[in-house]
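Worksheet: the structure to be examined is printed underneath.
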Amino acid sequence: MNNDTGMIDRAATMAAKATPPRLVRRVRGLSDKAIAWLFIAPTMLLLLVINIFPLIWTIQLSFTNYRANRPNAEVVNVGLRNYERLLTDPDVWIAMQTTAQFVFWSILLQTVIGFTLAYLIDRKFRGHAFWTTVILIPMMLSPAVVGNFWRFLYQPQIGLFNYIVSFFTGIEPSSFEMLGSVSLAPWSIVIVDTWMWTPYVMLICLAGLRSIPDYIYEAAEVDRASPWRQFWSITVPMALPFIMLAVLFRGIENFKMFDMVNLLTGGGPGSITEVASITLKRQAFEAWRTGPSSAFAIILFVAVFGLANIYVKALNRVKQR
Amino acid sequence: MQCLNKIALGVSAAALMAAASMTSAKANELTLCWAAWDPANALVELSKDFETKTGTKMNFEFVPWPNFADRILNELNAGGKLCDLLIGDSQWLGGSAENGYYVKLNDFFDKEGISMDDFAAAAVNAYSTWPKGTPNYWALPAMGDANGWFYRKDWFEDPAIMADYKTKTGADLAPPKTWDELKQIAEFFQGREVNGQTVYGAAIFTERASEGITMGATSAMYPYGFKYEMTPGAYDMEGAVNSEGAVAGLEMYKALYKCCTPPGYTDSYMGEGLDAFKSGQVAMMMNWFAFMPGMAKDEKVGSVTGFFVNPGQTIAASTLGGQGISVVANTDNMDGALAYIKWFADPEIQKKWWALGGYAVHNAVLNDPAFPSSQPFAGDFLVAMNQVQDFWQEPSYASLLQAMQKRLHDYVVADQGTAKEALDNLIADWTVIFEDDGKL
Amino acid sequence: MSGLSSAHSVVEPGIWSKRIAGTLVVIYALITMIPLLWIFATSLKSPPDSISYPPKILFTPTVEGYCNLFTTRSRQTQDYIESLGPPANVCEEIARDRSMVVVGASKYWPRFVNSLVIAFGSTFLAVFLGTLAAYGFSRFKVPLADDLLFFILSTRMMPPIAVAIPIYLMYRELGLSDTALGMILLYTAVNVSLAVWLLKGFIDEIPREYEEAALIDGYTRLQAFVKVVLPQATTGIAATAIFCLIFAWNEYAFAVLLTSGTAQTAPPFIPTIIGEGGMDWPAVGAGTTIFLVPILVFTILLRKHLLRGITFGAVRK
């Protein structure tokens, strides 16, 4: 099915929905209202129990010195001290900066490579459907399980990665350590993240490219616009909302990033790759400083919630197209 | 898709029912939790005797060292029922005793006639008692251990290498007695061609996530005079943790890391060290005594491996390892768990434990005149166990360890700041933790 | 990707443009496959081959990695090994060649079963609840519907470690720590948000006229839902189910923090497969291979709906 006809189909469905004929009210069986609540309530209940109640509990704990590994210790209300300590703790800010750098670099790489790939696939060469599916595979796999194996690929001497780099550059494979050196460790994570999630950005960009109606290009051909000009004045702006969507989605996911970093570097060497999730895990589940880590969790919640808000607005804009 | 959908629905319904029925009671079963390493597998072999004698089915839950503390302390805190018996680290005693995670064993020992005097005193103090030095027993010493060294005897005894060492350094090539000698030997081997392969000086602990670099660096710092407190129990760390000796010891460890480790050993612990040593990459390896029985049996390097006690510098000292076996208070099979302890404390079983590769610390084993010659590392083991020093065993040990891991790794591996700064910062971190605990 | 094979009418790319694009994409695809091929190759290597330098491309395949994955072994003296009977199977034989004895089964299989139970259980619940809620949101005027939907979506945005703190405490109180039930409930809660959003999109696409016709024919609402809407939504439900399944199958952060053994799934277990020294890479490769195969199959089944799934239904083509 072509894309513009798809859009028209959808528009037609939406139009049909906007003016539904009045339903015949049924007395038999449950009323619509009852069914609506009956259907929605279980989901809401589950989310209340597993999401909202714990969230409220976290807020309450964030004002205490509670420790999950000291059930017998007295719990003291410490007011805002946890928040004060966190927001003035240089280590927390370093973790936030580290996180921001990861988000920036991995998204930049993913967007550039992902868009390029989408553009190439949109050339519709023979077998492109098959190769697209092949490219998509990494993003479906478990970041933890595959990330763990990357640790092996990154080993100096025995790992394949260093060997391939040395094959192409002539650098001695044991002369650099991707995971252990202060300057390379952050890149080792960016590389795996890019390997894994470029297909994601590619897929969304591809949808963006396909959403551009042919007649716009046809009109440009008539105006004798160069391919270069067509690319910058038609392709990129028309696909931009989709790229933004991909960036936002990856932004939120990378902000939460835990699995891969935990398995690749565990935050090391030193604290060079310690992203916010790793700091939080260490505080909450190794040092068992439950109160302060609850405060940290709330700070992260607020940050993600802000992102989510922007995200949903953007989502709706893409949908309106 | 329709067909797939039906299959998915059917399978998931079945899975849900299976999940519901999975929480069946385990009648005559015991689960023992420990770290995943050589001695644990030997314990599985040893426990077959207990299974035949009592008809109890033994399950084992072994977690690799880097995840061991994390996962098992998580399990204890969660009040889980995974472990009936736990061979836990010495540093966990404080927290587990105070929170009631372990069963206090004094009454049981009295009733069954198990005497702690039958075990090496240092081991009982380290692995069983809390508060330290009082006769309150929370575990039976299961496995004595200390940090020691492995070396390539065939290289050390190679005439050509020995002669070269003599001309280069003026000294005889032999297992080092001090950290200075150790570094000199490591530098000598670093980058050398042995049997056509480039080899390196030493594999040491640099692991970041759990306890690796702390256990490794303290092995250098204790001999230089590093202490935790000026006066025991007073938490006065200034002048002890950052003493000149402590700084010198830490600088020595970093120097050894910088000069003489194989490439890529930036986050390595026991396992990585063993790999380096077995593949013939290093002349020396720091590692726990626990691995010596397995190494001596190794089909490739077993016959050419020698062992030595952690070298001294100003004093003789070794970093303590080893664990006691405790009964988890939450167990559903208390009688079975206690029966296992009783069986394990039996001198005959302790002897078999040593024979299979576990470090029994029962006097019936250690005081046997044949003991020092029973294995090439047995004599060294007795020496090491008499000079051990341990990390804090405080209930806040995890936070204390985490701070030390960070400060040491930042300094040694990530090249941040100086040794003095690292230790000063460590005192600051520890002070906050002790203040939060109300101990300062 | 239904539009993949269709061609633009006038702006069809030239033959060279196609060839160059095709070559570049194929090169990229082959490069991204290297890590996966290496995982599979490693699973068939012997432990010494797996850590040889330089890495071995050609090697004699062995099942040792798979043996090591499913067994635990102990190194023993030659005398002790000779005192035992002859090896019972190929794995024991391999172990004895390395002067070890097989002392029992490893934990890989129980962990794999846990993964199956928890992934399928939570998927079933999430899709069941999600279908109902999606129908409710799609067909009825629900007060504050947009806010509720946003709330449902935002629950998925929370960092898992932050969520795990209170869940850990709550499960400790309820006795749900390290239980399959606890994990099923948690994954259901996380997945239900995706399920509601996706299924709402699918149900929105089913014309209301069908139900209205059924209602006029004397069906009740409930009957119309079961007999008219559900069959129409089958494809959507199946796609959603596979998405939920993949999430639950791959999940690591909650699993590593909230399970310790009884209910532990494969992802936190696989990185802890160690040999005598460090990681037993052939066994890790074997465990990873077995773990990834179902996902490969599902990805291929799902490829038409992938885009919709990963964007919460925002992009459909």
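Of note:
Each chain carries a letter (A, B and C) given by its place in the written order, and its residues are counted from 1.
FYI, contacts are C-beta pairs under 8 Å (C-beta built on N, C-alpha and C of every residue); 3 or more make two chains touch, one makes a residue touch a chain.
Since this is a predicted model, take the numbers as computed values, not measurements.
At the centre of the protein atoms shown, by the Cα-centroid criterion, sits C. Distance from subunit C peaks, on a Cα-centroid basis, for B. The centroid of the Cα atoms in subunit A and the matching centroid in subunit B are 39 Å apart.
Computed from the mean C-alpha positions, the centre of subunit B lies at a distance of 35 Å from the centre of subunit C. Centroids built from CA atoms put subunit C at 17 Å from subunit A.
Counting partners per residue, subunit C has 51, 168, 172, 257, 279 as the residues that reach two or more other chains. Residues of subunit A in contact with two or more other chains: 68, 157, 285.
For subunit B, the set of residues touching two or more other chains reads 74, 77. Those residues of subunit B lying in contact with subunit C across their complex are 1-2, 4-5, 8-9, 11-16, 18-20, 22-23, 31, 33, 36, 38, 41-42, 44-45, 60-64, 67, 71-72, 74-75, 77-83, 268, 270-275, 278-279, 294, 297-299, 356-357.
Within the complex formed with subunit B, the subunit C residues making contact are 51, 72-77, 98-99, 101, 103-104, 107, 116-118, 120-121, 123-125, 168, 171-172, 175, 177-181, 184, 234-235, 237-239, 241-242, 245, 257-258, 260-262, 272, 274-279, 301. The part of subunit C that touches subunit A in the complex is made up of residues 1-13, 17-19, 21-22, 24-26, 28-29, 32-36, 38-39, 42, 50-55, 129-130, 132-133, 135-137, 139-142, 148, 150-155, 157-170, 172, 185-186, 188-189, 192-193, 196, 204-205, 207-208, 212, 215-216, 220-223, 225, 246, 249-253, 256-257, 266-268, 270-271, 279, 281, 284-285, 288, 291-292, 295-296, 298-300, 303, 306-307, 310-312, 314-317. Against subunit C, in their complex, subunit A makes its touches with residues 1-3, 6, 10, 13, 16-17, 20-21, 23-24, 26, 28-30, 32-33, 35-40, 42-44, 46-47, 49-51, 53-55, 57-58, 61, 68, 117, 120-121, 123-129, 131-146, 148-153, 157-160, 163-164, 173, 195, 199-200, 203-204, 206-207, 210-211, 214, 217-218, 221, 242, 245, 249, 252, 255-256, 258-259, 262-263, 276-277, 280-281, 284-285, 290, 293-294, 296-298, 300-301, 304-305, 307-308, 311-312, 315, 318-319. Remark: subunit A residues 65, 68-72, 155-157, 174-175, 177, 179-182, 265-272, 282, 285-289 touch subunit B in the complex.
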